[in-house]
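Let me give you the structure first, and then I'll get to my questions.
Chain nomenclature is as follows: A, B, C and D, assigned in order of appearance, with residue numbering initiated at 1 for each chain independently.
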Amino acid sequence: MRTEEVSVLRAHDLKCVKGSTELFSNIHFQIESGEALVVEGSNGSGKTSLLRILCGFNYPAEGEISWCGKTIDGHEDYQQQISYIGHASGVKLDLTVLENLVFAQRLVGSDRDETEIKDIIRSVGLFKQRNVLTRKLSAGQKRRVALARLQLEERKLWVLDEPLTALDKEFVTDFENVLKKHLEDDGMLVVTTHRELLLPDSLTKKINLSA
Amino acid sequence: MWAWFHKLSSPKYYYEWAGKWLPWLAGITVILMVVGLYWGLVVAPTDYQQGESYRIIYIHVPSAWMSMFVYVVMAVAGFVALVWKTKISEIVVSECAVIGAMFTALALITGMLWGKPTWGTYWTWDARLTSELILLFLYFGVIALYSSIEDKRVAAKAASMLAVVGVVNIPIIHFSVTWWNSLHQPNMDIISENPSMDPSMLWPLLVMATAFKIYFVWLLFIRIRNEIISRERTTNWVRKLIAES
Amino acid sequence: MLSALITIIRRDLLVAFRRRSELVNPILFYVIVITLFPLGVSPDHEFLSKLAPGVVWVAALLAALISMESIFRQDFDDGSVEQLFLSQHPPTLLILGKVIAHWLITGLPMLVIVPLMALLLYIPEQAIPTLFLTVLIGTPILSLIGAIGVALTAGLRGGGVLLGLLVLPLYIPVLIFASAAVSTAIEGLPSSGHLAMLGSGLILALILAPLAISASLKISMN
Amino acid sequence: MDGKWMFVWGSYGVAFVAMVFSVVFASRRKKKLAREIEESLEE
């Protein structure tokens, strides 16, 4: 699924307006395969909006985003390169952990057998709870289901909105390793976080929306 | 031509452009209305079947025509707003909804006032009145949707979508209502507007219809300009405009 | 393509069956509304059977309307809507799957119960097959159109009442043709013309509604 | 005068009121908006 070519995600002069207030403007950045972008900014500075614009869910008031030189507007393949985890993590509360992941991977179109899925569930530490309804899990555990989905989908660009919320310390370290592995595999990452996230400096760009 | 359309979709340019037209539109509306009213109420002969009450058609028919015309304008603007995401067409949708609802209500009220002396009852479930009533509901739907979404740009897009869905449905609704009507009241259609109107009665109708159309454009321009100012109130050009006046 | 459709239908059905209590509510509502008419108007045999086609269908419209909200409500809350647009498969296909699943949950029970309702309202036996067919063809149209309305109003406060305002006028052609079909069947006349009208409506809705629903969801995600 | 004239005047009256007031209200809204913006500028 991953290609050898270098992919480039580029944002040019983005501006976002919500209602009559301007959240941010003049946002430029560019990341290539194997690079990460950390989006910083105070509450309400438009971090979530920026990520949603990147995913093509919202439109910027001005500016343009391009993927490998082509604008993402009407460029359907682009959305199939993305794994997105927002504030709501896209986990169905009335399905078990295993069911959630099985359905998610089928909708994504990847075809792994159940042992592989179970391996991933084990790696996020939910193996014992694999047949428990997600509704009954704690907030942190629900978040882990979403992070397991990330690894399952094998998409090139990961767009993560506060992925560390409610996660305990040990798991954060594990998760950092997953992210590093993703970057090593030529993946790309756009992430917002309030907590420290250790990523290799040489590969990480930062952007602050409050500035 | 294309460049001109593009320019027109910029709020500032549109504001100035529409502003230039306002006095002309106002003047033409007033002149046509006065001519049409005099012609329709005084000059045109009395109908031998219905007597004087037929004169209501000079406002009823133009209102009814406008109620449908405005819906089509709204849906076309909605389509443009959804595909090209231009700001002006979004505004046109919400403003058309209000004006269209007014025309539809007028068509209903005048239709009822015409029905009393003609049919002896204010309301009959005839195909035209029923269709107008449903059209009014459709307008109310667009207005209600627009006003319940806080972010006005999102609201305009949602309203546009509903307008487009509505315009696909209107022919179906109209067809089904006409068909339903023929099923239940086969003899109601005889006393509707005569297809072969005498020219002395037809001309005032055409004048009034034109007057209504120009009036619509006039009111639409005024309302769009208001909405532009309201939405763009933080921009420099609006501030300058206000400060200068 | 087909496997994706089946996947999403299975997922939604599974979720629905985990909340079984909510499953029966629309159908109970349907039965209760129908019971109100003889109580409110008249239990007279002849009168009721004349009123019946309208009553069955007005109640169906209302039941379809109140059950409609659940189609996207949870997806908006748990973030699944976004995932629909990131899938390998076209969003319209997945949306169609969701509508089908929703119809299986809400429309199908109505189909089962409607012959019983026909007995309550004294609809003659010869008209019951037609009634059954109108429900079979008509309720999917209600689901498809209703889903557009839900997609536009999801995430709004007071969305329920607003939904009625948006969607009920659009339901009118279904009401007209379906109840007319039943009426003609009661009179012992062939109703295949009306059913064909409903059928072409269903085809049109199947083609256009998923596009409109997808566009509406995108607007509401803003 | 024919009693039917009553209905004619009634409908013309309603139409006149609706159409004139629509324009009047729209013009007044503009003045209100201008005042609002002016106030926000002075702050």
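Note that a contact is a pair of C-beta atoms (placed from the backbone, for glycine too) under 8 Å apart; a residue touches a chain by one contact, two chains touch by 3 or more.
Here the structure is a predicted model, which is why all the values come from computation and not from measurement.
K.L.:
Using CA atoms only, can you tell me which chain is the most central one in this structure?
P.N.:
If one averages C-alpha positions chain by chain, the most central is C.
K.L.:
Please compute the C-alpha centroid of chain B, do the same for chain D, then give the distance between them in whole Å.
P.N.:
Whole-Å distance between the two chain centres: 16.
K.L.:
Could you work out how far the Cα centre of chain A sits from that of chain D, in whole Å?
P.N.:
53
K.L.:
Could you put a whole-Å number on the gap between the CA centroids of chain C and chain D?
P.N.:
42
K.L.:
Using mean CA coordinates as chain centres, what's the gap between chain B and chain C in Å?
P.N.:
Averaging C-alpha atoms per chain gives centres 32 Å apart.
K.L.:
Can you list the chain B residues in contact with two or more other chains?
P.N.:
151, 153, 233
K.L.:
Hunt down the residues of chain C that sit against at least two other chains at once, touch-wise.
P.N.:
222
K.L.:
If you look at chain D, which of its residues touch at least two other chains?
P.N.:
Expected reply: no residues.
K.L.:
With touch defined as at the top, which chains are paired up in contact here?
P.N.:
The complete list of chain pairs in contact reads A-B, A-C, B-C, B-D.
K.L.:
Touching chain B in the complex: which residues of chain C?
P.N.:
Touching chain B: residues 148, 152-153, 156-158, 162, 165-166, 168-170, 172-173, 176-177, 180, 201, 208, 212, 215-216, 219-220, 222 of chain C.
K.L.:
Along chain B, where are the residues that touch chain A in the complex?
P.N.:
Per the touch definition, chain B meets chain A at residues 85, 150-153, 231, 233-234.
K.L.:
Which residues of chain B touch chain C in their complex?
P.N.:
82, 134, 137-138, 140-141, 144-145, 148-149, 151, 153-154, 157-158, 161-162, 164-166, 168-169, 172-173, 175-177, 179-180, 183
K.L.:
Tell me, which parts of chain A touch chain C in their complex?
P.N.:
Residue list for chain A touching chain C: 52, 55-58, 79-80, 82-95, 99, 103-104, 106-109, 133.
K.L.:
Over in the complex, which chain C residues touch chain A? Could you list them?
P.N.:
It comes out as residues 3-4, 7-8, 10-11, 14-15, 18-19, 74, 77-80, 82-83, 85-89, 94, 218, 221-222.
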